[in-house]
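Once you scroll down, you'll see the structures, which are given as structure tokens.
Shared between the two complexes below is subunit A, which has subunit B as its partner in the first and subunit C in the second.
Up next is the complex of A and B:
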């Protein structure tokens, strides 16, 4: 019973619930949930989930990062171009990951050391990163060896799908950080910058780290997406940054910082992904789809925020208690 | 002299930026300072200015207020505004203005209610509304907009007042009127600043800060709606999502103009100067005939430099 209570009061619970409900709806609509459905679901949406993890990390310290989508595009373009220039697939992927890390560090430098508002700073850098991507590859095109795609869609260690491993790397890294004193510092910084600073926390270094981590997450997302489509496009990630912020909020991560965790980001992104797949499979006319997606997203966000609202909770409790 | 110093301070970076960019533009491409080019720069600036006025009101209202749906609203009214046709061209044009203002105001009202009543964070609320609005535009136009822009509407960029085209002239007048009589002198303007500065204090003074902030979003939406109509009049054709870049541009313009994102402080005129700087940057880069990617890269770098000079947060250690 105690465990159930703990689960319900978990920040990420509304997102998990929404995800499960919509997974059920999807199962009914398409006639049963198969293993192959989950495989294709995770391989299509691993990128979105990784970006959501990255953005959640930055939101936890009361920041944001809207440049992650541009970083994803940049990684995709770097991988494709490097492969066409004669690098092998692993080398190209490493190059892509390195460029994402560099971008993340640059963000961290501007936000942490130069103390510029994260929203504006990452907007400016996202213009710059998207520009680099468009400069390297002005038109969609290019190709990557299909062995990359086979590796991505296949299994590692016999039975675990590769995308799960890639997401797992990020999750394990984050859990390790949380075990360190740094984890506590991140939450302290998110709750109150001034108090955190007064307690001797190195604010600039923490912000730098968080944005670098977000860059790494975007890099892995870029690898996932490149492997999934095996082609290059300079705008492949352009819609991802905004969606990931919405995902984090649905997952109970407070934009004021200090509340929530990466599981919220993961479940929020999963919910958004399943929502898109439901709307697509509902046989609606294509012109209505994005409107309905927007409406459901709006409802999802309001519900998850209302669920986290403590005032509302006590009101409901009182109403129920009064009847008894 | 003292008064001059007082007025100039927040605008200084934008004014210096404008002068530097004008000199740089003339230096890099001859004919940059020609009357024709300047009047086309003013034209684009005035459209961005309209959007930034709305954005500034929302940002001033505080509570981490931000309107990310400006681009979506502008795209929507650019598509729907010119559809109004009641026979006579002049009458339709006159009807278009309140209609687009109303369309924007409705979206703004939903934004404001979502932010203040449902307590969704402004960034997310307006972001999702922009998705909804874009989806709505696609649904209504069935993804294939066929917009006929009437002669009267196109006239906003063709009619001349003295040496200037009509829209920039009108916008400058509207800007000054709004700045002085709406933001500075009106009762609502004072309430807006108070609510943005310190919400608790405003509430204790008997100001209904919820209502004030919702009204700011409605005003922001209406201004964006009007800006969309002007944009389609200037462009002559409408496409889906044609104004999506205006969202972040309007925020950047407001910030370059000296408004703080924390709210409670700011001016409309600053936003106009910020718009001028942004348009000049784009215009110079376009005049140099650069690849689109390189242009965007340089734009980003210039923005970062401006932000570093203009809006660094104070040191935590005091």
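Up next is the complex of A and C:
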């Protein structure tokens, strides 16, 4: 009983619930859930989940990062171009990952050390990163050896799908960070910068770290997407930034910082992904598609925020329960 | 050895916060710093704590010049500061908060068991073991202050700065703080104690430094000066202190205009009733968290519908907006949360209720600010530019300009200086004199005794476990009677209190 209560009051619970419900709807529509469905679902959407993990880290310290989508695009074009220039697939992927890390560190430097507002800073760097991506590969095209795709769609250690391992790397890394003293400091910083500073917490270093982590997450997302499509497109990640923030909010991560966790980002992103696949498979016209997507997104965000609002909860309780 | 301040000064832009501060404190000395709001004492504390940098001067501790670049730097040298604004994080638990400045580790990871042990050890001293795993945002303000102090103690201070911490504590907490400070003294720790409560300063401090307008005026042994001498030095003029008071009027017929037969106290699940007369000041006393805040919140419609009889009409109030339109006003001691609009200027802060809720025009903001003796440059400046006491006067100005019929005040003089405090008391008495009523909670019993003596018609109700345990009137309003009624089990019998009767049935 207690465990059930704990689960229900968990920040990420509404997102998990939404995900499960829509998974069921999708199952009904496509006639049953199969292992192959999960495999294709996870390999298509691992990128979105990784970006959501990254952006959640920045939101937890009361910041944000809207440049992650551009970093994903950049990683994609770096991998394609490097492969075409004669690097091997692992080398190209490493180069992509490194460029994402550099972008993240740059964001971290601007936000943490220069103390520029994270929204403005990453808006600016987002445009810059997107520009670099276009400069490297002006048109969609290029090609990566299919061994990359095979590796990505295959298993590691025998039975675990590669995308799950890639997401797992981020999750384990984050869990380890949470176990460090730094974990508490991140939540403290998210609650109040001034108090965090007065408590002797190194604010600049923490901000630098979360943006670097977000860069890493975007890098892994870039690898996932590149391997999934095995081609290059300089705008492949352009819609991911905002979607990932919405995912985090649906997952119960407070935009004011200090509340929530990466599971919120993961479930939020999973829900959004399944939602998109349902709307796409319903064979609606593209105009109606985006309208419905937007509408459900709005409902999702509203519901999850309402679920987290204690005062609102008591008000609703009072309204339903009558006089108390 | 000890701690020496030499020729410290600090300017914020054109505003001089500290003009010239100079003092010397010995090891193991507890030094009070006394001054009006805006006299520079908090700034001086922040300079020492590494929160802000000084412009000129030197601080010497045990023979070494110290100049901390950040609070982290100060903490490394065991200079710990507890601040007026609190440094706790509401989203973390009490034990996490206590250890956040120096989280114990096992290898590289945070050691949860150690965190628990370390914080329990200190919480035991404060008799607060039961709150260790609660989140700080769930605690009452005075408990938060205790946790703030615990957070400082855990860092093994050599210099401890206590800035206003006791202004929200209740009597039993103050005793614990007193014990803790005596202990620190024994270890040779220097304690800088900033408080407005004279009784505490006399009880805990060895010596006192007076600050006024950014200058240190002088240092005296605590016993050398009387309270009124200190106040005279501090404000440069005579103030009615809590000790000098008029006699209470004995029993006068009340002109009841509000009847509240069912006031819910959700913390205890109890109900109380209250009849409020015109021109009356009702003080609400009691130990911390015995339902005083609930009583006021309930009247203001915070807990949903409350039925009242007002001027012989049945009315019901569902929320604070309706309360305001009925002529209620609400002043809280928690300015940051319930009082000021921080990012707004003085004019907007004054106008908030009258223009936005009651849709009446305010013609002259300056006149309102001046009539409450607010110290300000112009109505366009941000409210955060003022000192705490002046901010509170702006909030009071906001409400009193609406000519309320009932003023609800929850510890309204928390953390403001003696002068501002007595100014507020006068305003409350004036309001009562005009035929309105004031209900005021205070954690300071002396304050209640004082403020209720200023009007003809007054009562002090004492709350215990969600019930009104005593109603004191006239000459029975004394500090002793309030204390006794606040802990009715122990001393109930030998005190002459007007026991409340007939209401429980």
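We adopt the following convention: the second predicted complex is superposed on the first by the 315 of 324 C-alpha atoms of A that agree within 3 Å, B and C clash if a C-alpha of one lies under 4 Å from a C-alpha of the other, contacts with A are read in each partner's own complex, and residues count from 1 in each chain.
Following the convention adopted for this analysis, a contact is a pair of C-beta atoms (placed from the backbone, for glycine too) under 8 Å apart; a residue touches a chain by one contact, two chains touch by 3 or more.
All values derive from a computational prediction rather than experimental measurement.
Engineer: Output check: A:229 vs subunit B and subunit C. Expected answer is one of first, second, both, neither. What do you get?
Structural biologist: It touches nothing on subunit B or subunit C.
Engineer: State whether A:156 touches subunit B only (first), subunit C only (second), both chains, or neither.
Structural biologist: A:156 contacts neither subunit B nor subunit C.
Engineer: Mind working out whether A:197 is in touch with subunit B, subunit C, both or neither, as first, second, both or neither?
Structural biologist: It touches subunit B and subunit C both.
Engineer: Quick check on the superposed pair: does A:181 touch subunit B, subunit C, both, or neither? Answer first, second, both or neither.
Structural biologist: Second partner only.
Engineer: Using the superposition on chain A described above, determine whether A:258 touches subunit B (first), subunit C (second), both, or neither.
Structural biologist: It touches subunit C, and subunit B stays clear.
Engineer: So, A:25: does it touch subunit B (first), subunit C (second), both, or neither?
Structural biologist: In the superposed model, A:25 contacts neither subunit B nor subunit C.
Engineer: Looking at subunit A, does subunit C or subunit B touch more of its residues?
Structural biologist: The partner that reaches more residues of subunit A in the superposed model: B.
Engineer: Residue overlap on subunit A between the subunit B contact set and the subunit C contact set?
Structural biologist: The overlap between the subunit B and subunit C interfaces on subunit A comprises residues 194, 197.
Engineer: Taking the complex as given, what residues does subunit A use to touch subunit B?
Structural biologist: So the residues of subunit A touching subunit B come out as 64, 110, 114-117, 119-121, 123-136, 138, 193-194, 197, 203, 234, 242, 245-246, 249, 255-256, 286-295, 297-298, 301-302, 305-306, 309.
Engineer: What part of subunit A is in contact with subunit C in the complex they form?
Structural biologist: 179-181, 183-185, 187-188, 190-192, 194-202, 258-259, 318, 323-324
Engineer: What residues on subunit B touch subunit A, complex-wise?
Structural biologist: 64, 66, 114, 118-121, 123-125, 127-129, 131-136, 138-139, 142-143, 248, 251-252, 255, 261, 291-301, 303-304, 307-308, 311-317
Engineer: Where on subunit C does subunit A make contact in their complex?
Structural biologist: 49, 51, 70-72, 74-75, 81, 83, 85-92, 96, 100-101, 103, 105, 108-110, 304-305
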